[in-house]
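Take this structure, written in structure tokens, and hold onto it; I'll ask about it next.
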Amino acid sequence: MKVSKEQALKFYETMCLIREFETSVKHDFLNGEIPGFVHLYIGEEAVATGICAALDDTDYIESTHRGHGHCIAKGADIDRMMAEIFGKKTGLCKGKGGSMHIADFSVGMLGANGVVGGGYNLAAGAALANKMILKNDRVSVVFFGDGASNRGTFHEAANVSSAWKLPTIFVNEMNQWASTTPYETTTAVKDISDRAKGYHMPAVIADGKNVFEVYAAAVEAVERARAGEGPTFIECKTFRVEGHFVGDPELYRTREYVKENAALNDPLTWFDRTMTRKNGYIDGVIEPQELEAVRAAAKEKIVKAKEFAMSSEYPDPDQYTADLYL
Amino acid sequence: MSIKSYREATFDAMKEEMIRDGTVYAIAEDINGNGGTHGRYTGLGEAIGDPGRVIDAPISEAIIVGSAVGAAMSGLRPIVDLRFSNCIPCAMDEIVNQAAKSRYMFGGQAKVPMVIRAPDGILKMQGAHHTDCLEAWFTHVPGLQVVVPSTPAEGKGLLKTAIRNDNPVLFFEHKKLMAMTGEVPEEDYTIPFGKARVVREGRDVSVIVYGIMVSRALEAAEKLAAEGIDAEIIDLRTLSPWDREAVLASVKKTGRAVVAHEAVRQSGFGAEISATIAEEAFGALKAPVIRIGAPFVPIPMAPNLEDLCRVLPENIYEGVHRALGRQSDR
Amino acid sequence: MVLFTRQELLTHYETMVKIRKFDLEAKRAREANEILGNVHVYVGEEAIAAGVCANLERKDCIESTHRGHGHTIAKGADINAMMAELYGKATGCCHGKGGSQHIADFSVGMLGANGIVGGGYGPAVGAALAARILKTGAISVVFFGDGAANRGTFHEAANIAAAYRLPVIFVCENNTWACATPSEVGHTQSVTEISRRAIGYDMASCVVNGNDFFAVYEGMKKLAERARGGEGNRCGILECQTWRPLGHVIGDTQPYRDAREAWARMCADDCIENYERRCIAEGWLEKKDFEEIQDRVEKMIRDAKQFAVDSPYPDASELTTDLYD
Amino acid sequence: MRKLSFSMATCEAMAEEMALDDKIFVMGEDLARQGGIFGQFKGLPEKFPGRVIDTPISETFIIGGGVGAALAGARPVVDMHFADFIGVCMDEIFNQMAKVRYMFGGQAKVPLVLRAPDGMTIQGAAQHSQAVEAWFCHIPGIQVVAPSNPEDAKAVLKAAIRSDNPVIYFENKILYKETAMVPEIADEVPYTIGKAKVRREGKDVTIVSYSIGMKNALGAAERLAKEGIEAEVIDLISLSPWDKEAVLTSVKKTHRLCIAHEAVKQGGFGAEIAATVAEEAIEYLDAPILRYGAPFCPIPFAPTLEKMVRVFPEDLVKGIKGMFE
């Protein structure tokens, strides 16, 4: 499908923001400014971007431990995201959640999840509430990796979503690595989307580096969901460029292997290459300097976000029991 | 004797047991990828000369534990690793309704010799999904045994016992233990379950602890000793079964008790210890039984809030003073 | 179509009749409050347990369900000890500790009925793993209902069994009722044929008429041979489509459906009568062969009941035994 | 005031609240057709079409889906069939339901009620008889209630439904059939979670219990009265938060404490009560604290063994009289 040049540039901006955000986080983690667990989305930017571009603010997403990209793509405030990752009181979760539990309910981002496969049922439940109880046309998206596709929670959520034609969209980020395990050693199928057949659920495979292809799949799935026709399974073939978490020595794969696959699957270089020539996605082309301008602006934003985070206070100690019960 | 880290000591325990007994196998997510969390399994397959007994599992906790129950009932001795204690709830039913009960429900026909290793505790800003101490749940479940080692040498001996033992064992290891080093005997040895050890003799107050809390209690004891307060420190080693006699004997001697763990205080295992003392050493008590545990909140991310959830030597030190301060006027 | 020897035909018939009469007696005893607790009977589904287990050797393991008497009998358990277990007697196969819902006989590879719907998948996969490591050549079977098919444990077990190339056969007894809930597409189920899910694990699958012993036997035979024959993905799903003629549990008044119709539907397609009809039509057996077996089994069940009634309850001192080693 | 059974009282509470707020819905297994396996949802499917939802046997979804629905603004009441199955969705309870609000810094709220029928019936055996409330008292972020009679059953359930926190509502399976006078409650707040009730005033000893345990507490108090010992009986009703002050106040008056629950003694909630008193009021005690609970074994099936794991009023009487020797 074709989109306007503005839309294409919007995609690019989001992807650059994610890339810059993650690059900055990685840097700050490695020099000890950010503690805890941090999982980076580098290389998978086109997935969150393409999917979330097809959603409204009132739609929901359930994210994963690798959630910064989803959060940014859904439109969360980047300053407050960064502050949360630093554990500051100005963070989206007032410093209680951190990277792995980042959330912004104001834009329908129902949270990253420290439990692999913890998001399916929450997303299906939100879909159930919206369709069957609150009677609106909001849709829920759940992102999950190839590793998480082996959790029983997937099975239970997929079955009910299909049985009740819930507006749940299952977005599989097939990045080929379940933390340190190559997916094929523990997963019985080549295309995880084959599992959709077991629930009478339509499925589509998208090239995870091609934001347009992901977007097109998402638009179709969202239409189907809003029309009451039930869930869709979108498998995005992508690649996890970084280790499972920042600091992962990656003993389980070689540098060469990573370099090669990163190059093959990088959504930003693909975008640069494709948009600067005549292509089937927009009318005309995007000039290199236009792209450069977007990249520069993104860098700028992230620098500001970090300054905001650094200059923010830690939460007041007396806040440690707050936000538990009402 | 040689100086080893907890990680190395428990690795040796597994290695030796797996070489000794071909029915022992280890299964976990990432077990070959990165040696499991904290690399506790790195090179295990090669070390025992049988990589087939070190198995990569999908992210399917229910089946990792469930299949181990079946394998155990069929003659194997699984070592299951759940990476983080917080993954345990994903397999809770398999642990409490299958592993714990199969032998009993089936009238002793089955036996379920398996070990579930689960690193727990606060490390640094890992947030609410990777830090909880859940031992108390399993002390409430008949059929399970619960082990909480406190040093490298203890870890090796207790893990060997757990592997040879014919019951399902939950083996909780604090993440801060992993890099802790200490003297570890080279020879083959086991440590019996249900036998506490007196880590430090004392006459003024009994401090009952387990796991990581033992080293923190010792630290507190040094500070107290400087003030002329002589604390006796008891390392329970195993919580189910647990050594009531040792605890009661000590409290009858000192007349005062302080119980501490990193788990949430409300309904933690400390309550069982304290309640038992109140029932069975009542006459000997000169003061209230002090109980120390984490506040009633999930673990927050912010470092300063997180620190409020730790149980540190100063908390124990302060607890002992409370025990000494408020005399019972009974 | 395999040709059975006359003896085999008689044995399979006896298995089904034994299950039928055992469970009708269990039903009677429960309704008369001679036994207590949850009793789920297998009436109407006998051909499945019989057809599946006829393909198994003693060393092979089965994981059963809450509706487990049929599986236990078909795997060759002693019915005296089984009946005694239902009565909670010391002579029961679980020494009175388990009862109907936790019946087990490890001596014949019956690794236990399970009170947790979908609790059997894990142990079955584990048993297969053990068979591989111990090189016993045994295969595992896990029975499960259409309701249990929606438990996440199914998904985890199916994936791991396939990924590890383990010899596990998932036998779905699709009797269309999950307790008091019909497994209808759109209600609680998303597929008409549960075996469709095999695709998601690159597994073999086969759908058969669960009320036809010969169809079940054939389907199971194919999957069992594949499971025993080494290479590639060795697991499979055998979906047996059948019907639950009685309530979920004895005492269930079935407010959710017409009980009389439910029973009539089985009578119209009773796996035991189907078996008799086929054998007579093919000229394999005669009416009197069946009558002779019916009478013999009748007596076995009477004796089993007597044995159970005469047996003592376990001594109070048994309370904490069989818990730890 | 009119006579109602415990289970009808809970139905009434549901019906009243669902009529007030159409964001409330019910989800679980076997609800729509059967009104719950213990009839505790009878009539609701007809009264509130579309708001009583039959789920597959997918407990992780029942809870996880409930949490998601709550996050999206609905007010789910979910049913756990048997509390014994709660382990199946422990992660959804512990890592999701209890933590989302806190982890996300108060952005979310989870107004969800989890109804969990628990306790021993008659020969329900190891997987359908458990009392597991203690696990949940150890989990920050959820509230735990366990009413002991029809009147409280209604008031407490209404309060739980109105609470913006996740509440686990343990309802004992034996108590379901208990009947008593239950008032029509108008719209005012029916009960404050965390408050205990003094069921019987006394000066000599304090007996603390909850849920089915209250039968033992009150039964023992009556017998003791005949022997001139006046027991004060406290019904906690709510376990997390629990009414520390009520217990401490009473103990400071009576100087003796006895705690009883059906759950296994080791690691049970009774330990929390005893430990708290041992820390905050030990100087008031004239005798060691008594704690009653099940012995350390699963629930056996055989009647002779099952009797051994039950607590009876006589046990309390014996122990309490010992306090005065």
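First chain written, first letter: the chains are A, B, C and D, and each begins at residue 1.
The definition used in the following text is that a contact is a pair of C-beta atoms (placed from the backbone, for glycine too) under 8 Å apart; a residue touches a chain by one contact, two chains touch by 3 or more.
Going by UniProt, the chains are B, D = Alpha-ketoacid dehydrogenase subunit beta.
It should be emphasised that the depicted structure is a prediction, and the values quoted were computed from it without experimental measurement.
S.K.: Name the chain pair with more contacting C-beta pairs, choosing from C-D and A-D.
M.R.: A-D
S.K.: Among the chains, which is located farthest from chain B on the basis of C-alpha centroids?
M.R.: C
S.K.: Chain C to chain D: how many Å between their CA centres?
M.R.: About 36 Å separates the centre of chain C from that of chain D.
S.K.: Could you please state the distance in Å, as a whole number, between where the Cα atoms of chain A are centred and where those of chain D are centred?
M.R.: Here chain A and chain D have centroids separated by 41 Å.
S.K.: Just the number, please: Cα centre separation of chain B and chain D in whole Å.
M.R.: About 30 Å, centre to centre.
S.K.: Let me have the rounded angstrom distance from the C-alpha centre of chain A over to the C-alpha centre of chain C, please.
M.R.: 45
S.K.: Residue numbers in chain D touching 2 or more other chains?
M.R.: 55-56, 58, 60, 84-85, 88, 91, 95, 102-103, 125-127, 140-141, 296-298, 300-301 - these are the residues of chain D that touch more than one other chain.
S.K.: Could you pull out the residues of chain A that touch at least 2 other chains?
M.R.: In chain A, residues 93, 95-97, 101, 113-115, 150-153, 155-156, 159-160, 163, 185-187, 324 touch at least two other chains, as defined above.
S.K.: Chain C: which residues touch two or more other chains?
M.R.: 92, 94, 96-98, 102, 114-116, 150-153, 156, 159-160, 163, 187-189, 323
S.K.: Which category does the touching pattern between chains fall into here: line, ring, star, complete, or other?
M.R.: The chain contacts form a complete graph, every chain touching every other.
S.K.: Please give the residue numbers of chain A that touch chain C in the complex, ascending.
M.R.: Touching chain C: residues 150-156, 158-160, 162-165, 185-190, 194-201 of chain A.
S.K.: State the interface residues of chain D toward chain C in the complex, per the touch definition above.
M.R.: 29-30, 32-35, 37, 54-60, 84-85, 88, 122-128, 295-298, 300-305, 308-309
S.K.: Along chain D, where are the residues that touch chain B in the complex?
M.R.: 84-85, 87-88, 90-91, 93-95, 98-99, 102-103, 125-127, 132, 134-135, 137-141, 240, 263-264, 266-280, 282-283, 285, 287-291, 296-298, 300-301
S.K.: In the complex formed with chain D, which residues of chain B make contact?
M.R.: 86, 88-90, 92-97, 100-101, 104-105, 127-129, 132, 134, 136-137, 139-143, 240, 263-264, 266-280, 282-283, 285, 287-291, 296-298, 300, 328-330
S.K.: Could you pull out which chain B residues touch chain A in their complex?
M.R.: Touch residues, chain B against chain A: 29-30, 32-35, 56-63, 86-87, 90, 124-130, 295-298, 300-305, 308-309.
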